[in-house]
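We call the chains A, B, C, D, E and F, going by the order they appear; numbering starts again at 1 in every chain.
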Amino acid sequence: IDHLQLRDSLRMYNSLVERCFTDCVDNFTRKTLQKQEETCVARCAEKYLKHSMRVGLRFAELNSQAATQD
Amino acid sequence: IDHLQLRDSLRMYNSLVERCFTDCVDNFTRKTLQKQEETCVARCAEKYLKHSMRVGLRFAELNSQAATQD
Amino acid sequence: IDHLQLRDSLRMYNSLVERCFTDCVDNFTRKTLQKQEETCVARCAEKYLKHSMRVGLRFAELNSQAATQD
Amino acid sequence: MAANNPAGIDKEQAFGMAATEMEYRVELFNRLAQTCFNKCVDKRYKEAELNMGENSCIDRCVSKYWQVNGMIGQMLSAGGHPPM
Amino acid sequence: MAANNPAGIDKEQAFGMAATEMEYRVELFNRLAQTCFNKCVDKRYKEAELNMGENSCIDRCVSKYWQVNGMIGQMLSAGGHPPM
Amino acid sequence: MAANNPAGIDKEQAFGMAATEMEYRVELFNRLAQTCFNKCVDKRYKEAELNMGENSCIDRCVSKYWQVNGMIGQMLSAGGHPPM
């Protein structure tokens, strides 16, 4: 079970990286990240994590309400 | 094998829910579904299921034709 | 491990087919592929494979650089 | 070996069911999170915080997604369909 | 234990291959279904039925997807590439 | 049986970790490849070759994706977050 959890974390990590790269990086005239791309990626990752936490809280509430109704 | 089938059903169920939610729900000024969103979701789910069945039939035909040719 | 590799190959194969079908086939007035659709699919598949190989090379370089730094 | 110990099989099956159930919930959560991120969050990333509008959009989005999930679940069981 | 019973290994391997093969077909089916839904079905959902145009689009879409699948499979095996 | 042979468990766990790690790398590679294909390759498929512009775009895209991956990894471990 532990390593199922690890697997899920790594999947979310991969999807976070893909999302922020896709939304923030569009210029391929250089091979290193520009300052403004870095800022964008950092904000994107923060927002994504805060979003995930909020969704996690709401999801847990709904799950526990559903469990009470059974 | 049985629980592989269950897993696949649950995955399709998840993708049906995501599709119909994405296509039908776009207004987040309230926290409950509006009548018109419900109608849209119900039709979407029906259509999706009918589509899956039709694709399943055609797919099975092509599979059995391919098996005969071997 | 061997069959994990097979599984990954088959997944990439599936995603290649989906990509080239999506990009090349848009006309459903007939049930067989038209010449121009076939050409498009063939080029798409070639390009995709070459792209995968190039990405694979670059990825391996970066991985081995990272391993050296540890 | 398993044949001599049916309890052993049940345990394994139960474990398999629990893993499948957990996988289902994880996937539900991931799709919900992705979908609500797409619907609610401004992709220009002008700041690292979620603003008030985004936060209330997220709460409503989760709530509506949950309802759609329940609604379709009921449709499927009422129609005598298996889940798919 | 397995070392004393090579047949046991073969069985397990055969099972693994069959599971991989089945997984492949399930994924092929899912991608095909998603893709043809995107290409053929009107997303405004004005009714719950597939109309005639949608139905024939779906049939042709499945047929063409199948051909593309075969065509790429042949390209790969002819080129001496492994499947990827 | 396993209880008498703790080394056996470790082996299995180590195998599980290695499989998870490999799965992670495969997924990283697949997402990177898809994303850079979307960003760099012309979808009209006028020829079967990657041209010079596409090739250098791909190289830079891989390099930047790798940097973003590292940057987010550092953010997460610095923040004391577990990977998620």
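Details
To be clear about the criterion, a contact is a pair of C-beta atoms (placed from the backbone, for glycine too) under 8 Å apart; a residue touches a chain by one contact, two chains touch by 3 or more.
All of these numbers come straight from a predicted model, not from anything done at the bench.
Path length between chain C and chain E in the touching-chain graph (shortest route): 1. Minimum number of contact steps separating chain B from chain E: 1.
One inter-chain figure worth recording: chain B and chain F are separated by 30 Å, centre to centre, where each centre is the mean of the chain's CA atoms. Mean C-alpha position of chain A lies 16 Å from that of chain D. Between the CA-based centres of chain A and chain B the separation comes to 26 Å, rounded to the whole angstrom. Contact with two or more other chains is made by residues 11-12, 15, 24, 42, 52 of chain A.
In chain D, the positions touching at least two other chains are 32, 40, 59, 63. Taken as a graph of touching chains, this assembly forms a single closed ring in which every chain touches exactly two others. Circular chain order, beginning with chain C and continuing to chain E, reads C, E, B, D, A, F (contacts as defined at the top). Put simply, chain F touches chain A in their complex at residues 13, 16-17, 20, 23-24, 27-28, 31-32, 35, 38-40, 56-57, 59-61, 63-65, 67-69, 71-73, 75-76, 81-84. Here chain B touches chain D in the complex through residues 3, 6-7, 9-18, 20-22, 24-26, 28-33, 37-38, 41-42, 45, 49, 52, going by the rule given at the top. Across the complex, chain A meets chain D through its residues 4, 8, 11-12, 15, 19, 23-24, 40, 42-44, 46-48, 50-52, 54-56, 58-59, 62. Of all residues in chain F, only 19, 22, 26, 29-30, 32-34, 36-37, 40-41, 43, 45-50, 55, 58-59, 62-63, 66 touch chain C in the complex they form.
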